[in-house]
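Order as written gives the chain letters A, B, C and D; numbering starts at 1 within each chain.
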Amino acid sequence: MNVPSEHLFFLSAGLFSLGVLGFLVRRNVIVTLMCVELMLNAANLAFLAASRMHSTPEALDVQGPVFSIFVITVAAAEAAVGLALVIALYRLKQSVESDSASEMKG
Amino acid sequence: MQYELVLLTFLPLLGALAIAFTPKGAERLQRLAALATTLVVAALGVRLFLAYGDSGSDQGRFLFELPWFSLPSSYGADTAVNFKLGLDGVSLLMVTLTAVLMPIVILSTWGHVHKRVKEFMVWMLVMQTGMLGTFLALDLVLFYFFWEISLIPLYFLIGIWGGERRLYATVKFFLYTLAGSLVMMVAIIWILWTRGTSDVFELINILCRAPLTEQLWLFAAFALAFGIKVPLLPFHTWLPDAHTEAPTSGSVVLAGVLLKMGTYGLVRFCIHMLPGAAVEAAPVMMALGAIGILYGALLAWAQDDLKRLIACSSVSHLGYVVLGLFALTPAGINGGMLQMVNHGISTGLLFLLVGMIYERRHSRALDAFGGVAVAMPLFALFWVITTLSSVGLPGLNGFVGEYLVLVGAFQASPLWAIVGLSGVIFGAVYMLMATRRMLFGALDKPENRELTDLNAREIGLMLPLVALVVWLGVSPNTFMAKTQPSIEMVNLRIAEARRAALAGLDAAPAAPASQREESAR
Amino acid sequence: MLPPPSHAWLWWIPLLPLIGSALCGALHLATLSARKRDPQAKGLAGLAPLIACAAMAGALALAVKGFLDLRALDAAARVLNSPAWEWITVGDPRQPWFDVDLRLVLDPLSSTLGLVITGVGLLIHIYASGYMKGDAGYAKFFAYLNLFVFAMLMLVLSSSLLGVFVGWEGVGLCSYLLIGFWYEKGWPAEAAQKAFITNRVGDACFLIGSFLLLRLFGTLDMHEIVARMGSDFRLDAIDENVKLNIALAALFLFGGCCGKSAQMPLFTWLPDAMAGPTPVSALIHAATMVTSGIYLVVRLNPLFASSPAVMTLISGVGVATALIGGSTALVQRDIKKVLAYSTVSQLGYMFLGLGTGAFGAAVFHLVTHAFFKALLFLGAGSVIHGMHEEQDMHKMGGLRKHMPQTFATFLAGAAALSGLPLMSGFFSKDEILAHTFNSGGVYYAFWIVGVLTAAMTAYYTWRMVALTFFGPERFDHHHVHPHESPAVMTVPLMVLAVLSVLGGVLGLPPVFHAAHALNDWLAPVVAPGVAILNQLHPHEHLSHATEWVLLGLGAAVALAFAHTGFRTYAAGPEPDLAIGRGAPGVAAFLGDAWSIDSAYSRVVILPLRVFAFVVRFIVDQVVIDGLVNGAGSLAKNLALRARGMASGQLDAYALWMGGGAAVISLWWMWS
Amino acid sequence: MSELLFYAMAVIALLGGLGVIFSKSPMGSVLSLLGSFFALAVIYLLAGFHFMAAVQILVYAGAIMVLFLFVIMLLNLGGMGTRFELSAAPLTRARSQIAAAVAAGVGLAGLIAVQRASLPRIAQGGAPERIDDINQIAIALFGRYSLPFQAVSVLLLTTMVAVLVLAKRRTRESGQ
């Protein structure tokens, strides 16, 4: 498919801003985590789009996928810890509202 | 002996360490150890004072130099900072006063320091090292190092053993002085960065050729730090609080020596090192000094707390010193230098006396007294002698300093001399007012009736100071002769700077090689 | 400058009283604990008067020796110098920037005053040993008296202006200590403080004067200054600026003299100084300290002579002070207050004489005044001593029977003071009035006021005599038993009485064709000033006829007013009460020295005190301290507001992070 | 034809994103996110990243989303009918408007960046069909990027430990 790379990047930017929007607006911690996943995916897309852009049939650019693998791993780790926190939070506060836990005031 | 200066400076520190290891309860041992250390330091100080200047002893013993570390500089090679201690005319009087005053201060703590004696003595001795170091350091970085060292102990002395509002007073004092010294640090860094040397005497030869604007900026920075310490007029509000809340011995050291670090700095760094700027800024500084005299006197007159009154009188007396120094005439500078010592002694005595009456009467309000002279004739005698010395009665030490300052100031600018002269009148007003309300009048209040007179210890610790008061008043030449050669150097610098200013030259002509101050004469 | 032969013994004149003072002081401190237990215990302190009188006698002997040595020298070279002592040297000793060498110089003027100080001083010391007998601070008193004489001698003998200033402030200090001697009574301490501070104002002017002289002549040595202004000094040769500086220096030095010699602006401290013991009033506030102003003007006569404006000012101030002093003395009830205001008035006369250029006449009046005023004060002291501390003349009367010797000597003093013919006062006062008359111009007005004041002087003197020694005995008899004072007090009175009566012989007017001993004696000292005065306006001598007329007028005025004064009050103080009822306003106005003192406290002291409190509370606490603490609290408030950001809301943090990221990325885009 | 597929999948991905934000219940969000992931997988395939598409499906959709499902189920708040914890209208509150502005700002930044980055035109011959060659990826992963590889493995290890510590029910002090 010879879709120009800009479109891929536009898509990535769009997904990323959606992720940011969701992250800022939603008060449910799980959804926030999901938005983070979304943002990370947008980053992955950008990596691969760049890799696609720089690859030529003889010199395949492999850095894109490698980095996106790392991103995926980090995302997994992040999701795991995030959810563990959510569980601990739920057990403590019986709610997953981010507002409920505001004792750490300055 | 090469290491005399190092011994003088760090002996108190050793004493402090020794006391730190004594068991907590052994108060008597701690007091005696502190007294012993300070007495040894005093003896060393006096020996140095006597040996200084007379051609007999070899003059090498007044300079000690050791490479320390180096800092980056834009000046080719790195700036070599060396551990340089030196005694010269400018710092001689103050070093001796610090050394001699400390045993008296320690002796006075018998009366009023009863809790946590160990820490008190440790802090006192650390402070003495800081003070001696500040006067002896002939290297900018080392000077700054000791300048800060001497600040911290007093913070604790006032903070722990002070009066009711001690925390407010000590924090205010510490932050105020620190703010000033930070500005000075910037100036020091600039000098190190651009001039590549931190040795004071080399800088004296280099900086006098610096362009006037640069000199003025450096002067402003140094003058701010020292102005706060002196205290110069607008920056004085920390002094009455610090003095009122400090314990007696703290007050004596604060008034006796710490304030003089400011004026010493003014002479060494603002006048001797930056003569161009000094000549330029002299009218402003003289104005601040003269108005400070009047302002301090009026302030003192309106006080009703005895100790606060004496603190305000310090503002007035140090106004004299600044007025004298920035008259930039030989008489003025000599007068200023002498007045630094005189103020140290007379105000030190005043604080000791206030401490003694506070130990007995536990009150500093002037109205609480009346007719004390009837109950305590000896106290009255010492008080009147000290009042006369601080008011500047001819024949006692205050007068010689004051007269020289006023003569010097009159040569420079008659207006500020006459404003300063009003200090002579108001000085008498508030001191005599305090004396009358405290000593004279009927012994009507019952508490005053059974006030016990001074005991042998108290008289003993004041006698050397009273002897100094009379000796300085009757024959000041013995002291002025010793500081003479160094002050002559300062006069030459100023004369040069004046010629440069008149000739409209930006930088003063290259310092004539003949009198490069290689040695610390 | 001629190489002065040095006489080391001159130093002993001031040092003897100093040593005496130190010894008495030591005695007082030694017996301090003894007296703590039993106030009346005499012990060693009893020795004090002996030591003090011995020191005074020694000083007197040396002064007489000096006087005789001077007489031996021929008139022009009558100077004895002592070896100099470097006190302060700034700069290397070879060519100092500024140096002060204290040197004592005995010349006719200083030897005359030296004799007066030590002579009258010795008599007063003897008198005081009796007067202060029962006092607790017996030795302390003599220590202060001797210290005072030391300071006075330093003032009179030293050649450098700074040496004079040491004496100047020293006498100020001793008058402070002695006025406030009975400090437990409270008000003497206030009087002492007032005296010291008023003197200090004068001393500040003195200092400014000395700075001006230092700038003009480069030296503080009076003899050098006088020498430089002496021989070849052409007044019109010097330029305007120097003349202005000389006038300013003279003015400020005169300001110093006003402070010390209680002249018009700064005289309010003298009447209050009566709070001190009477011998103090006699020695300090009559004979010696108050004359230091005159000494200074006579010593620097060329300086003052070369500025006519200042001379006229001196006369004006002198005559004004004389008038105020005289008029106030008329209505005083306290015997010492009468004498105090009389002193102020007589000092005014001396300055009047100085203003006219009659330096010799002023010194002559100074000497005679020292005799009779000391006599009157000591007489009054003996009366008070006899009347057990009663000083109000309305409660005395008819004491001549109880105190014959005091009465007789008091009469002699009163006669001299009121200027009855042939008395010492008559000659000295009239000489001044003659010179004033002779100077013409505005001095005529001064002459008229002078004569008026002479009349008042005669009136209040004899009013005092009448109220004290004549008329009904107005004290209640069982408490007060007036008795004659012991010999140790009456003998000095007699000596002074003789001096007061015969004092006139020192300066007989030219009409009597006898040499005016004092003028000739002081001629070399005063020559430079007179020479300059002649340059200004050569004045001719009075013709014999006018002299006789003036002498007659003076005698007539004195006799007439003395008689009326005595006659009205011989029967008792009723006329005082009548005036009090009739014109209460005038009586009050006069009684309080034209209410100058209360004016001072209202116009000068009160505003300054208010200003001081304004400085303390407004300027210092609110403005400067406010700024300092303000900076502190500003930092604190900022920190508090910043803390609000950490609200614990997760999404708030997220928002800030997001916002930051957005801003940075956008900024990165655009940069 | 494949371009058309690409744009369709792009739209689906964006809709999925929107679904995550505005769905009433977390379950809705999870499902829309899954949809978005599948769309992205297809895009990867079209772009020539076969391996990455597989990984995307396996790891992301398969593992992480399943984890989310577990948690939602575990805390039984995923039901369609659960309380509508999302406030009435997410975009009414002032804060949300700022958030929207921020998101828009970030997005805009991205677009402008791409716009100005003057990307090399892929006009000539288009991208190669297959880009992520497994061998090359492996060589890179264990050669040049061995350090990050190890680092990531450590990260995973710590994550497991953290999760165990956090999520384990504290029997002893669970009472307070």
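We take it that a contact is a pair of C-beta atoms (placed from the backbone, for glycine too) under 8 Å apart; a residue touches a chain by one contact, two chains touch by 3 or more.
Please read all numbers here as calculations on a predicted model, not as lab measurements.
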Which chain pair shares more contacting C-beta pairs: A-D, or C-D? A-D
Which chain's mean C-alpha position is nearest the mean C-alpha position of the whole protein set? B
Between chain A and chain D, what distance separates the C-alpha centroids? Give it in angstrom. 5
Can you compute the centre-to-centre distance for chain B and chain D, using the mean CA position of each chain? Integer Å is fine. 71
In angstrom, rounded to a whole number, how far apart do the mean CA points of chain C and chain D lie? 103
Based only on mean CA positions, could you tell me how far chain B sits from chain C in angstrom? 38
Which chain A residues sit where two or more other chains touch them? 20, 24, 27
If a residue has to touch 2 or more other chains to count, which residues of chain C qualify? 651, 655, 658
Pairwise chain contacts under the document criterion: A-C, A-D, B-C, C-D
Can you check the complex and tell me which residues of chain C touch chain B? 29, 32, 86-93, 97-98, 162, 165-166, 168-170, 173, 176, 180, 183-186, 189-190, 192-193, 196-197, 200-201, 203-204, 207-208, 211, 214-215, 608-609, 611-613, 615-617, 619-620, 624-625, 628-629, 632
Contact residues on chain A for chain D in the complex? 1-22, 24-28, 30-31, 33-35, 37-38, 41, 44-45, 48-49, 51-53, 55-57, 60-66, 68-70, 72-77, 79-81, 83-88, 90-91, 96-97
Which residues, counting only chain D, touch chain C once they are in their complex? 95, 98-99, 101-103, 105-106, 108-110, 112-113, 116
Within their complex, chain C touches chain D through residues 651-652, 655, 658-659, 661-663, 665-666, 668-669
Within the complex, which stretch of chain A touches chain C? 20, 23-24, 27, 29, 32, 98-99, 101-106
